[in-house]
Amino acid sequence: MTTPLLRLTGINKSFGPIDVLHDISLEVNRGEVLCLLGDNGAGKSTLIRILSGVHKPTSGTMEMDGKAVAFDSPRDASDHGIATVHQFGGTFPLMSIGRSFFVGAEPTRRWGPLTIYDRKRANEIAVTEMRQLGITRIDDGDRLVGGLSGGERQALAIARAVHFGASVLILDEPTAALGVKEAAHVLRIVLQARRKGIAVIFITHNVVHALTVGDHFAVLIRGAKAADFRKGEKSREAITDLMAGGEQMAELEAEIESFTATHDQHA
Amino acid sequence: MTTPLLRLTGINKSFGPIDVLHDISLEVNRGEVLCLLGDNGAGKSTLIRILSGVHKPTSGTMEMDGKAVAFDSPRDASDHGIATVHQFGGTFPLMSIGRSFFVGAEPTRRWGPLTIYDRKRANEIAVTEMRQLGITRIDDGDRLVGGLSGGERQALAIARAVHFGASVLILDEPTAALGVKEAAHVLRIVLQARRKGIAVIFITHNVVHALTVGDHFAVLIRGAKAADFRKGEKSREAITDLMAGGEQMAELEAEIESFTATHDQHA
Amino acid sequence: MPSIGSLVRRPEVGSLIGMIAVLIFFSIFGGANFLSAGGAASWLNVASELGIIALPVGLLMIAGHLDLSVGSMIPASSMTIAIISGHYDLPIIVGILASLGLGLAVGFINGVLVIRTKVPSFVVTLATLFALAGLTLGLSVILSGSTSVALKGGPTAKLLFGDYLGGKFQVTLFWWIAAILIVGFILNFSRFGNWILAMGGDAVSARNAGIPTDRVTIALFMSSGLCAAFVGMSQAILYNSAQVAAGQSFIFNSIIAVVIGGVLLTGGYGSVVGIVLGTLTFSIVNQGIFYTGFDANWASLIIGVLLLAAVLMNNTFRSMALTYAPRTKSRAR
Amino acid sequence: MPSIGSLVRRPEVGSLIGMIAVLIFFSIFGGANFLSAGGAASWLNVASELGIIALPVGLLMIAGHLDLSVGSMIPASSMTIAIISGHYDLPIIVGILASLGLGLAVGFINGVLVIRTKVPSFVVTLATLFALAGLTLGLSVILSGSTSVALKGGPTAKLLFGDYLGGKFQVTLFWWIAAILIVGFILNFSRFGNWILAMGGDAVSARNAGIPTDRVTIALFMSSGLCAAFVGMSQAILYNSAQVAAGQSFIFNSIIAVVIGGVLLTGGYGSVVGIVLGTLTFSIVNQGIFYTGFDANWASLIIGVLLLAAVLMNNTFRSMALTYAPRTKSRAR
Amino acid sequence: QSKGAKIFVIGGKADDPFWSKVKKGADDAGLVAKATGGSVTWLGPQNYDNLGPDAAKLIRTALSQHPDAIVGPDWVPEAMDDAFKDVVAAGVPLIIYNSGGMDAAKRLGAMNYVGNEEYKAGLGGGEYYGSHGSKNVLCVNTLPGATNTEDRCKGIADAIAKSGGKSSQLPLPSSSFGNPTAVAEAIKAAVLKDNTIDGVITISAGDANSAANAISQASVGDKVKLASFDMDETGLQRIKAGTQLFAVDQQPYLQGYLAVSLLNGLVNYGLDLPTKPVLTGPGIVDAANVDATMAGAVAGAR
């Protein structure tokens, strides 16, 4: 196998006395989707923030293409071709869709001797890219982001990352707020990106979505890597249990089952 | 059948020239879970905001227990026993977990001649209620909400609504940010609430979740009610298509299928 | 009861250290006089008047609002009592009640305008600042024919509002302590305090959570009007006179004290202990300079540098405290 | 090109209507003098100086910051040019460059302090406000022995910075227009403008999106320092003198103008047209009063009421505009 | 008791052009005090927004430092007299200067008064206007409501009335304070509105620079005569050039210098001056004596 595009070795992260990540080592390959799974609070977003230059690891090393890298800022990470959709935020309620889409990487055009922000092109691209994700209702890039529905806003952030994702695309629970159609579009986009040779890191709590796109799975439990396996190596039930933090889900499901059963008797 | 607990008739809502809801009529019964389904931007959250007193409908009437009601403020709605978890917000990053949980309904105790906020009890109840949702890592109600993970924060908001939900519990995409275990706990809680005779309105984009808890389904497409049916009356595929805004999902799924297939050949 | 460890990690410790730092600075350069009762009285008296206003202004800021109108509330209430009980010689109690009533009324108007118009409170209270200043000037000239009116408070009024204890400490100091206790109780131990924090954190969510945000807003503006009126009234009694042009500096200084005390200008965070420490820090810096013997020409420079140093220390400790605060059993979670 | 319809629905229309309202008010009560060229010059001259400072202060506020230090930047730069080119008689160009350089330097220091210390910019610039005032006073007394220094600008300097066109309109008016064009270009048409809006909207997301937030912050503080220094410099040339104590009113007035213009105090929203209209509105209200026959004692009252009225009108229209703005083909979506 | 006189001087803001001259005088006299092991400390308020109470606090601040002598102005008697009485009761020699007059000094038990009286200064200015034919003088007050500035304008009005003219006040809102353009434009508006105005006097030297500007903008320089209370180099240049009629001078340098010198002499050597009060003004600076004044102004003493 070739050198992985991104390799993490022994990453630790603590906030004051709280250790959030513990000795994480991971490899991400070109043209593969790595699904990062784990319970709420397992440390997935924190790991992502390290990869995208938001936080610095307390210890541990990162390599890209075999060369050691350390990101000083999110800009640094994006200059290395890493595009990230964070779990929260990423859009600006009081900005237009076009401006929000291109924030930090605005398209420009010449206007006489001056270089100006190309509003028309920005709006067009933003609207087109959102359409790619199945958001067909938005046709005016000048609308304010604040007026969009939750899913529309999420789609905007994803569309942005997909547009700029040069070599690594990181999506932290991208489908959380999305409808079934839009979620399917995101999965399609992820697979398209993979086909283009981009490495994708995909975080989700949805087993079905994970199984649909994942080539490779890493599971975090309480900040430590609990499992690391490839597609087909584990059963769906085993994966679900791992995602639940290593607990047996069968019992809980049985309980829910029982509720449904009781109710059906009522009806 | 008895009078429904909540009945909406001909609800319309527009923001300026944008009509968001069009002639919605709905009934919600005690001890039943109504799943509100629909694409991104279909108008689900807007409908919820009307039910919880945040917005006023442009036209249409609401009845509770057969008596016409009109909510002037969210407080009004909660005085009528309606507890809501909105899609965004609901927690306060710079407040402690206990304070955030009880915001607007703080427990008090006597302290000499004075009535004071009962910090200890608030913290205890908040931590206990979150544990009910499977969040077992939080044991200190004095921690700031800002330091919680996305799912933990969501669980806090849900725990709050469950705790206060007197007769109607409204959950707008409660499981969106939750892990599989926590989501299962929420489903369990919803079913428990139903058993207690509470009417639950549950919004989700997850077909599995919808089918697990729903007794009754209403689908919004572009602000209008497109379907209204009870459990077992429609197939899973039909429901999925409705949730996608009435479009055929088969095609998209086939496309995703094809990606996966191509890739497997690669591997 | 919180443990000692968690007390040390409270964010207010930062403000405390900032205050102690300036205290040490002036103890060194101001010498024995600064530390004497007279020296302490010098900054405590200033702090007490500023503090009485800074407390409700701080609460307002925590709730996400500003009140600039305190600046003309002070002369307005001074002139009210002076005209009523000085110029017209009515009993002092009438003047006291009228000036406090005026404070409540102006606060009520501010609050109603803010919630009804949805105009930012900065602008609304700016407008009332100007309007009230104009009314005070215009009415004073009409009623008393002058812009400064003398007032002789009786012994009871003097004792309650305008006297020096031990010849040094203004009685307002005790009123300040009372205000600290009341506001501290409200913010930390009452439901109302929780509402204030929530409103500043996220006004929409707070409303959605069923908080009567309108009523809270009005109550807060009324309390800042009342406190400003109180300070104006007691100054009139203490200094036996009232002037139309007085008190504008309180606008800025109260905001400064509150912000130094760690309250977020954008709302949602702050503590009474912080506000008190901020008030003390600002007063010590402003008054301590008079004890140092430094040339007055350089006073502002030193004040600026000290303020920055105090806040820097404050912030460093606060952020340390916030990071370390939730000391859970770390990995054992 | 935006359609007429969408132009009418722009939020700035609110500010425009507010301004027109006060203009009509004073046209009625101020009579012919107010409408004459001299009358217009009266508020335009005031607006031009305030406006030159309000523009960068507005940008800062959109980006989520405040700059109070402009208040002492103005006298500091006046004194710099007066001491260099007046007291020491060096060529005027040296004085001009030195005072502008000082503005840039102070802005740089502000910016660096804000990003390094993470202390709110309100506090940082408050500290530099004091420190710079102290430095100006102390150094002026040492260097020139006086707190007010005379300056004779040559004809070129006068023509460029300190003259009246047609005997009425200050040349600063043209500098203001130039500043409006530049800042308008930056905010609406450059990438930098987008960064400013994004930073004010959500500083964390902006940084995550790869915006060099530190550099933007420093650049913004430098521009407000530069503009304040420019006003101080040109005032020294225009009035042939400089004083240590001047300019404090600009702190508050620039914030007022910007907020009246619809910029959010909390950042993330605002427009150059709005800032300009806010500046004009405030200047008209402040100066127009002198053209009416009203008793000057009531001036503040009228200013307060007019400000509130203007902003109310402004807000009503802005919120109407924001609701209706995204006119898509309604139900056909 | 340590040797030398520890003298505290309460005065205006250190960056106020007028008070910086008083301070310079006090500092210069302080050199003598220093030579004999004493000290002179200047205590001034941060701003004039709350003048009476703030100054009263400064007096107490001075008293708490065990001074040998105190100099202070009686700006707002009602607010400050109690504090001054405490000074005298503590046996600390006190000189009232700048405002209050000999009446205040006697009332409070101070040893002397050094300075002029604002109202008399106003009268002096008004008489000068009257004798130069002005009939309608505008008194520009950038600190309306403050006693000393009100007194100046009142003095002008009363003196002018005697010679058959009148004077009105132009109070400017606080949002104009310290902004020369706003002041200039307000004055311009006033002289345009009322074309009978033939005199403009400002309460400070800085405002006179704005007024000069306003008069030239309104092109009424040949009719409207400018004057100011206090003066600076720029104003003196105008007097020399004939674009300003006069300035009312109260020799602030001497106020600081004499008050401190008197107290230093008293504390060290038991000296006392029989002349009471010591008047430093009002004097008028006009074209006749402007040259002599100019040298002092350039040095920051006039």
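Should a chain be cited, it is by its letter among A, B, C, D and E, assigned in written order, with residues numbered from 1 in that chain.
Convention: a contact is a pair of C-beta atoms (placed from the backbone, for glycine too) under 8 Å apart; a residue touches a chain by one contact, two chains touch by 3 or more.
The chain list, named the UniProt way, goes like this: A, B = ATP-binding cassette domain-containing protein; C, D = Xylose transport system permease protein XylH.
Every value quoted in this text rests on a predicted model; they were computed, and no experiment measured them.
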Identity of the chain that, by mean CA position, is farthest from chain D: B
Interface numbering overlap (same over half, different under half) for chain A and chain B: same
Centroid-based (C-alpha) most distant chain relative to chain C: A
Approximate Å spacing (C-alpha centroids) for the pair chain A, chain C: 47
For chain C paired with chain D, centre-to-centre distance based on mean C-alpha positions, whole Å: 29
Mean-CA-position distance for chain E and chain A (Å): 71
Separation of mean Cα positions, chain B and chain A [Å, integer]: 24
Interface hub residues of chain B, defined as touching at least two other chains: 15, 137, 147
Numbers and ranges of chain E residues touching at least 2 other chains: 14-15, 144, 171, 173-175
Multi-chain contact sites of chain C, meaning residues that touch two or more partners: 130, 133, 137, 264, 295, 297, 299-300, 326, 328, 333
Residues on chain A engaged by chain D in the complex (per definition of touch): 52, 54, 73-75, 78-79, 84, 86, 89-95, 99-100, 102-106, 108, 111, 114-117, 137, 139-140, 142-144, 147
Chain C to chain D touching residues, read off their complex: 66, 113, 117-120, 122-124, 126-135, 137-138, 141, 256, 259-260, 264-266, 295, 297-305, 307-308, 311-312, 315, 319
Touch list for chain B against partner chain A, complex: 15, 38-42, 45, 87-88, 135, 137, 147-152, 155, 173, 176-185, 187-188, 191-192, 194-195, 205-208, 212-213, 215, 240, 243-245, 247, 249, 252-253, 255-256, 259-260, 262-263, 266-267
Chain D contact footprint on chain E (complex, rising order): 13-17, 20, 24, 144, 169-171, 173-182, 184-186, 188-190, 192-193, 205-206, 209-210, 213, 216-219, 232-234, 237, 297-300
Parts of chain D lying in touch with chain A, wherever the complex brings them together: 185, 188-191, 193-195, 197-198, 201-202, 204-212, 264, 268-269, 322, 325-326, 328, 333
